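Paired with subunit B in one complex and with subunit C in the other, subunit A is shared by the two complexes that follow.
And then the complex of A and B:
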């Protein structure tokens, strides 16, 4: 359940939409998947922490009531990290936000974000792979749930 | 977004060390505090000023930046989640250089009920030294301390003296020069 507030300055911008896509994929990747994606890219460029990985709480809001009003329904542990690629002074900053307290994962997500902003094609292929794996997981779960579906078509009221 | 300078490498320990340093400086006016972290400094702030910002500023403290410090605005927002104040009077913390410091009475001097809510001014000066021409007296100083503060505009000490009669309202000032800082709480009297 996500509540996203589009920034009017960048809403609809293709570069923003592309980055939103890979940030979503990176945030939802399973722990091992990010490590595998980074390993597949081989030697990573040198990077410095702008914000070392840190763990904190994020407030979760959702429309969970019947009336649809926003409700603060809990908090989640989130680890975040910001890296800056070295080599060029204006190097992009990569941001990583992941659920849980795995600092390596947050760093890996931040590195991949920085590489993707540079237009790294290998990283883009890894994103496609991760997205396909996530879609497969969702489809498998939906299929499992579908086996327990009950049809109420016989209970039509007279 | 422009590539940003890093904050504290070890946020907890570095902020605690910087807090202790500025606390000692405030308790013992005339003694210099030294700051080794952060390793990278943003444009517009020296290392001591950057350390004070990372240690003391957060989303609950509005910050006013003088023109020379204004390039640090993005950095402050990123690392401190700070709000920028529109005027010196609305700021809990103000960062400025000595040459362009607004009249001291323009800052928030607190109220008689809550004198602690006054602005804390962090003023970047060209040089700080112990044993200079200024004589400090007051709480935290056994007899007298002598310091040198370079580059202050003429009339600065006159403006500060005018604030004494407002006590307990007033202005706490931290002078910073590169890696060093010297605190001058409102209770300290300056002669010379």
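And then the complex of A and C:
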């Protein structure tokens, strides 16, 4: 088994970076949020499964000492789905890869990925909204954790 | 030799029904929901995910419920479930430098860059039973801190690293061995040992780690840094060729600073022990880091004298699914086995009696 590494041809390319951003946002969206984002887009175009939603495992790796050689430290459930919009045989395929076993989420993520690759503006606005909600959750968690910050300096007169 | 028995189907069916009933408890009490288990028995769920070696909160909560709170049984259930799923991807190594911490402490540096954060810890509680919890009611809520939270948290061990006072972490991108695909073989490289320890039984590793502190291969550890938080998981799907984030996982990481080593060629420097586990599992991550370090005895030229330094002993007995299976198989009918032993001992007795009479 080899370690999958990003293809240097696509790494750093702005189109890839944009897609990586929305795929990350879609993967981290709460189940309800993703459904709401799809609903906000109104009638979805018809699509065919290139690969129907399938649940399996992702082997998770860490690094020895945080930065050293990789080691496997467990697995996680992941669900993937690939769609192609109907009447768009030459069009892009939409990929959904989300942790967990929720097939609807994987399908919704794949649909949105396809729409976003076609430059759908409504979908792009939904990504901004989802990303803002995620940033707010992260900031709120950090702000709650920060209440327990210890400043040991205040205990020592130096 | 184990000889199987047949029959007992009716009794087994009845036993399943009794198990269902025992699990449910008093029907007058509301039934536990998975959301309650995963939201309120968080650390039980975390332990089941870590030792079950499968990150899925909902499944782990289901396993805890099904196992009536027997966590080792729940771990077994989760392990059994994982064998039904295909492997779809391998992740890129998670980047714990970019962890979004909810807790971060160091026992070595009080003035840790980025600050220390206690988070939701038992550490400074009085360990007095809180009878307020016995009654349902309002709980304390936390008002978020007003000042902008620090997101950047450099590693405590970097301070030592910059001065060259601790061993360097060897950079390497070789594909690590995988216990779930290839059986454990000795000698085991460090990556394989860590995979075994990450899913190993917390109690077993805790006892081994404790033994090293009590002098059975002392490694003079300091908790350099312990952090708990969320890290992104990225995979590179073959069809796409670029890294895709598929979500995040909560993990606990422990970096131990251990007794230093030096030689004529190398100046004295501290050594490292590493622990990384799913969920909030500080005791497990610490025990793992202690045992990781003690198992490096051979590599660091230390004399192997104690159980915690013996990789074959440690790695072969760390898995509680295997251990529990082998110990508990003794409950299965061994009637034929036992009969043959019984016949043997009777024959020996008879022989002895005859000899004595002659």
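We take it that the second predicted complex is superposed on the first by the 144 of 158 C-alpha atoms of A that agree within 3 Å, B and C clash if a C-alpha of one lies under 4 Å from a C-alpha of the other, contacts with A are read in each partner's own complex, and residues count from 1 in each chain.
We take it that contacts are C-beta pairs under 8 Å (C-beta built on N, C-alpha and C of every residue); 3 or more make two chains touch, one makes a residue touch a chain.
Predicted model, so just to flag it, every value in this text is computed and none were measured.
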Using the superposition on subunit A, tell me whether subunit B and subunit C clash or fit. fit
Just to be sure I read the superposition right, which of the two partners does A:97 touch: subunit B = first, subunit C = second, or both, or neither? second
So, does A:30 touch the first partner subunit B, the second partner subunit C, both, or neither? neither
Quick check on the superposed pair: does A:49 touch subunit B, subunit C, both, or neither? Answer first, second, both or neither. first
Chosen between subunit B and subunit C, the partner touching more subunit A residues is C
Under the stated touch criterion, which partner chain does A:84 make contact with: subunit B (first), subunit C (second), both, or neither? first
With the two structures laid over each other on chain A, which partner does A:148 touch: subunit B (first), subunit C (second), both, or neither? second
In the combined three-chain superposition, what is the angle centred on subunit A between subunit B and subunit C, taking C-alpha centres, to the nearest 10 degrees? 90
Please indicate which partner A:40 is in contact with in the superposed arrangement: first for subunit B, second for subunit C, both, or neither. neither
Quick check for you: in the superposed arrangement, does A:132 touch first (subunit B), second (subunit C), both or neither? neither
Min C-alpha distance subunit B to subunit C after superposition on A, in Å, is 6
Subunit A residues touched by both subunit B and subunit C? 54, 82
Subunit A contact footprint on subunit B (complex, rising order): 1-7, 9-11, 78-79
In the complex, go through subunit A and note every residue touching subunit B. 48-52, 54, 82, 84, 89-93
Show me the residue ranges of subunit A that touch subunit C in the complex, using the header's touch definition. 1-7, 9-11, 16, 19-20, 23-24, 27-28, 54-78, 80, 82, 95, 97-101, 138-153, 156
Spell out the part of subunit C that touches subunit A in their complex, as residue ranges. 49-50, 53-56, 58-59, 82, 85-94, 96-97, 100-103, 110-111, 115-119, 142-145, 147, 149-151, 155, 157, 169-176, 178-181, 190-192, 194-195, 198-199, 232-233, 235-249, 251, 253, 255, 272, 274, 276-278
